[in-house]
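For clarity, chains are labelled A, B, C, D and E in written order, and residue numbers in each chain start from 1.
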Amino acid sequence: ATTVSVGTSGGPKPFTYVDDNNKLVGYDVDTVRAIDKVVPEYKFTFQKMEITSLLTSLDSGRIQVAANNFASNPQRREKYYYSKPVFRDRDVLVVLKDNKSIKKFDDIAGKTTIGTPGVNFTTAVEKFNKVAKNPSKITYSNEDAAKTLQDVQDGKYDYVLIDKVLYDNYQKTYHLDKIKAIELDSKDTKKISASIPYSYLLVEKTPEGKKILTAINKGITKIQSNGTAAKLSQKYFNGNYVPK
Amino acid sequence: MNLQIDTGEVVGIIGPSGAGKSTLLRCLNLLETPDAGSIQINDQKFVAPKIADRDKIKFRQETSMVFQQFNLFRQKTVLENVTEGLITVQKRSKAEAETIARTQIEAVGLTDRIDYYPQQLSGGQKQRVGIARSLAMQPNILLLDEPTSALDTELVDEVLITIQQVVETQKNLTVIIISHELSFIRDVASRIVVFDVGGIVEQGTPTEIFTTPKKERTKQFLQSYQRQALTS
Amino acid sequence: MPKLIDFPLIFTNIPRLLKALPVTLEITFFAMIFGLILGLLLAVIKINKIPVLSQISAVFVSFIRGTPLLVQLYISYYAVPILLKYINYYNHTNFNVNAVPALLFVLIAFSLNEAAYNSENIRAALLSVDRGEIEAAQSLGMTKWQVLKRVTIPNATVVALPTLGNAFIGLMKNTSLAFVASVVDMTAQGQILAGSNYRYFEVYLSLAIIYWIMTIITEQILKLLEKRLTIFQKATQVAAPASTRRFWQRSRLEVAVHDQHSTSHEAVQSPNRI
Amino acid sequence: MPKLIDFPLIFTNIPRLLKALPVTLEITFFAMIFGLILGLLLAVIKINKIPVLSQISAVFVSFIRGTPLLVQLYISYYAVPILLKYINYYNHTNFNVNAVPALLFVLIAFSLNEAAYNSENIRAALLSVDRGEIEAAQSLGMTKWQVLKRVTIPNATVVALPTLGNAFIGLMKNTSLAFVASVVDMTAQGQILAGSNYRYFEVYLSLAIIYWIMTIITEQILKLLEKRLTIFQKATQVAAPASTRRFWQRSRLEVAVHDQHSTSHEAVQSPNRI
Amino acid sequence: MNLQIDTGEVVGIIGPSGAGKSTLLRCLNLLETPDAGSIQINDQKFVAPKIADRDKIKFRQETSMVFQQFNLFRQKTVLENVTEGLITVQKRSKAEAETIARTQIEAVGLTDRIDYYPQQLSGGQKQRVGIARSLAMQPNILLLDEPTSALDTELVDEVLITIQQVVETQKNLTVIIISHELSFIRDVASRIVVFDVGGIVEQGTPTEIFTTPKKERTKQFLQSYQRQALTS
């Protein structure tokens, strides 16, 4: 079988992380492993690297697949192949508990937030700002997500946009008692992702990549129909987040 | 040891290497703090070893030192070297300081080198700037520690002549000079102190010391000098 | 074949990146100036072996040298608010650190870092100053502070300049770390740009061009500064006698040492060997 | 109150981080050694002003000094494969650089970086070597290489050691950048750990502790090394005569300069003033 | 200029400062490459300015230099200083080199300092090590450039005596020595060359040069020396 390099950054949990035995695990990682089992023509190996390097690595052929809870957006679609969706997300707006002014996505107009450049949520707010009369003020930062939640709790920023799964996990660790998560309805969700907030595996846009993509898509269909994907979702998210 | 010097005296200190001559002179400028003892200039008395920084500075303005290694400020021109103390220590205006400095530089014959940097001067010229810098401060006491021993033979004379002129023109200036140029010391000093490890061996007029020394140590020292002059 | 590198983008990026240049320069200059002042202080403390202070400063310098700048930034930016929260929690006070702009934390962290690194260079430079000049200044009656200001620092500056210049260049490039504290310098601006078009490689090339040019400019300024400061050295001394040199160049050297006695000279027995 | 800091985690992180220590050390040592060798070469090229080579090396050194290490890593790791892709595309060849392990690119980038930075230090150290010793070696009939090996390098090492030691410590902390090229050093390992337990601050503190200790150990080794290398200096010369010192300490100094003539000495007119 | 020297001769070169004496000697060791001219030792002839590195090294093994500033290897002990050339250049075994070195160190009377580093030695001792290092290489020609002028007066004699002994015991060794110690040169040299800017002024036996110099320049030079000796 041909070896395919899969890049991942080892964070955030539970999509990709290392367990106590220093073994790379997580929903995205295990999904690729499951695909590996059902796709005999390829053998997948992992490489850990900085999150911002993943895309450059795809460009340069350092890796053929990137697995890091990647969402879709038009710019990315130009440069990379997207697999079938592997995860169906729910996005939440995190605000202070006593915040009455933010209830739905459009309420972020004129409010402040913090985000890492290049991340899907930041891109979503940027997109919102392009059309909004009253844009939302983004502070760009390399702060980790845990700190951004603390910043909301401290009243430093009005809201942040984040995966529900991640939010739940952070809450388990930090017990931030002054903030709440507002789930976005499907209409709002569309505003962010232009489609359902799926996440995907990214594949390099080369002839060889095209073959890999076909194989991966075949594998995804297989693990989603035979229940493997559901089992993984249960294991990592305590619920069914498998795309329908 | 005990040494008394009167205003206007020119004291030459001679003695073997390592006797502590430099150390004595440096104590008179408080560059070295003596472990014990006192120094008195006119009515001001300073008792070692505890001398406040403020007193040190006052004291240093009474004396002025000419160094063996010249110790000019290398980043400053001849003029700036001489005005430096006048401006920062004596708080004179720049114009006033320059007038004083020009007079002193004229006196040591370096008017044409006034904007040169030390590196551009010969050793003899450097030392003459050193003398001008000291005199510009108008000290009561001028201290010279082997002012010519770092100079090539052909440059010694210009400095000695400068010193001689200073001594002759400023009768009220007390001068203490350490030198191995015995014939010069003999000419210029009003009193000579022979120094050795342990303190003062003897003192007296140049004639007393050079022609009728009383102590055996002085004779020895003078003889070793004559021998050296002949062999080289 | 997909467009792997968007070459024009490398250049069109540049004006957009330069918008963040002021932040880079602000951090660099501020940290350099405060780093110098504090570094001088640390150096003087170490040279004079001031009791308690010199121990504290030794630990401080060791910590800064011993840990990555990123960690120091993290501590100044993250630890202070957390500390305040703990204090607030246990003392029921209500200090709020969010009013303090992030930039201040960054400036403090960078300044402290520079100070620690510079202090050793400054110390070496101070110690290299000719004792003789210092003694001359003292003997003129200058106070300690006057000696430092008029003699020691000007002389030390000449010695320390190249190292401090390098520190400056290093600092200029390191400001990118400030992004963990939400301060957007030029490199961070690059990440933001790339975050929207996914062209990281082009942005890094643009940054390389900008930084390289900035470094070259800085080096030229340093050279000029050095020339200025060392004017007293450049002034030539009396030149070595040109005539001698010329003679040697024109003359031919013919030396022979023979085993046989040459005809021209007979070995002459020295008449008075000891 | 939320658990803002998990203190025990700071220490339990440490053994897990240390698993990546070998990578950190590998990069550090490799880059240092090759950086020294190449740096020496660059220094010799610059000192001897070797025509073409010295211009090339000047541009190289300027580029490395002028651009962030991160950018250099990017270029070495990503530009090469992209370049190959273009070549493959237009020439229908099939070069593939991805078989070459990432670590190699990282090692090369770090080595080149060290070489450029070290070359200036090495050059200064080489120039500081006493010409006299070199001439003595030449006059004994040593070849250029022997002189370099037996005299110049040993002498220069003593001078360069402190700066090279600093470079080593800096390098140790900088290896974290290798993560952009998928090499997991200790800091990268820390980021990965924090990705799984969401506790970044604690990981950075753990890293601070590890790096600080490593730096202190390195400094101690350097001190020892320096002691070894400068044994020829430490050996004391004939001590200054103790007797003199003792005399001064015991004696009292009494000097007085009076405005009035003292009784003991009359100013004597020098008999033969010129 | 043209200079011929026979094996076993002891040539003393004297002349004013800046005359080019050092440069001449350094050319004989190829530390300085002459712009033109040739140097011939026995049958080997080297024509300047193009001398291959390989020839330079061969040539340097014929001559051996004792430097004014000693130029000992500071990181090496006395013994290692002397064995260095034997081991690296002459490719002798360490044991053999040490035997030779010990003999030479013995000859200059420094056996008890054999494991000292240069910094622990007085100037005179350093120069004696320098001589031992040169002689250990068994050169045909020994070159000495003012071997005592960096020494304090009291240390000059020990080095001069060492040189005198070398000259007396090794009759086949050609020695070229530059020195301002005229009385020494007079004693030790078999021929004296008076040198000035422009080349050789005159040459002859010590008696010829010192008592009946033919050239005006020589007389001048000798006189200036005597004057200096008297004034200091």
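Note that contacts are C-beta pairs under 8 Å (C-beta built on N, C-alpha and C of every residue); 3 or more make two chains touch, one makes a residue touch a chain.
Since the structure is predicted, the reported quantities are computational estimates derived from the model, not experimental observations.
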item: Contact-graph separation of chain D and chain E, given in steps at minimum; value: 1
item: If a chain touches chain A and chain D alike, it appears here; value: C
item: Angle of the C-alpha superposing rotation, chain B to chain E, to the nearest 5 degrees; value: 180
item: Farthest chain relative to chain E (centres taken as mean CA coordinates); value: A
item: Rounded Å distance, chain C centre to chain D centre (Cα mean); value: 14
item: CA centroid of chain A to CA centroid of chain E, Å; value: 82
item: Whole-Å separation of chain centres (CA-atom averages), chain A against chain C; value: 43
item: Residues of chain C engaged with two or more neighbouring chains; value: 4, 78, 200-201
item: Sequence positions of chain A contacting 2 or more other chains; value: 52-53, 56, 59-60, 147
item: Contacts with two or more other chains, residues of chain B listed in rising order; value: none
item: Sites on chain A touched by chain C in the complex; value: 52-53, 55-56, 59-60, 75-76, 79, 114, 116-119, 122-123, 126, 139-143, 147, 151, 154-156, 205-206
item: In the complex, chain A residues that touch chain D; value: 5, 7, 9-13, 16-19, 22, 47-50, 52-53, 56-57, 59-62, 144-147, 150, 153, 169-170, 173-177
item: Partner chain D, residues of chain C touching it in the complex; value: 1, 4-5, 62-63, 65-68, 70-71, 74-75, 78-79, 82, 85-86, 89, 169, 173, 176, 187, 200-201, 204-205, 207-208, 211-216
item: Residues of chain D defined as touching chain E within the complex; value: 130, 132-133, 135-144, 146, 150-151, 154-155, 158, 231-233, 235-238
item: Complex interface listing, chain B residues touching chain C; value: 29, 31, 53, 57-58, 60-61, 63-65, 67, 69-76, 84-85, 88-89, 116-120, 122, 133, 137
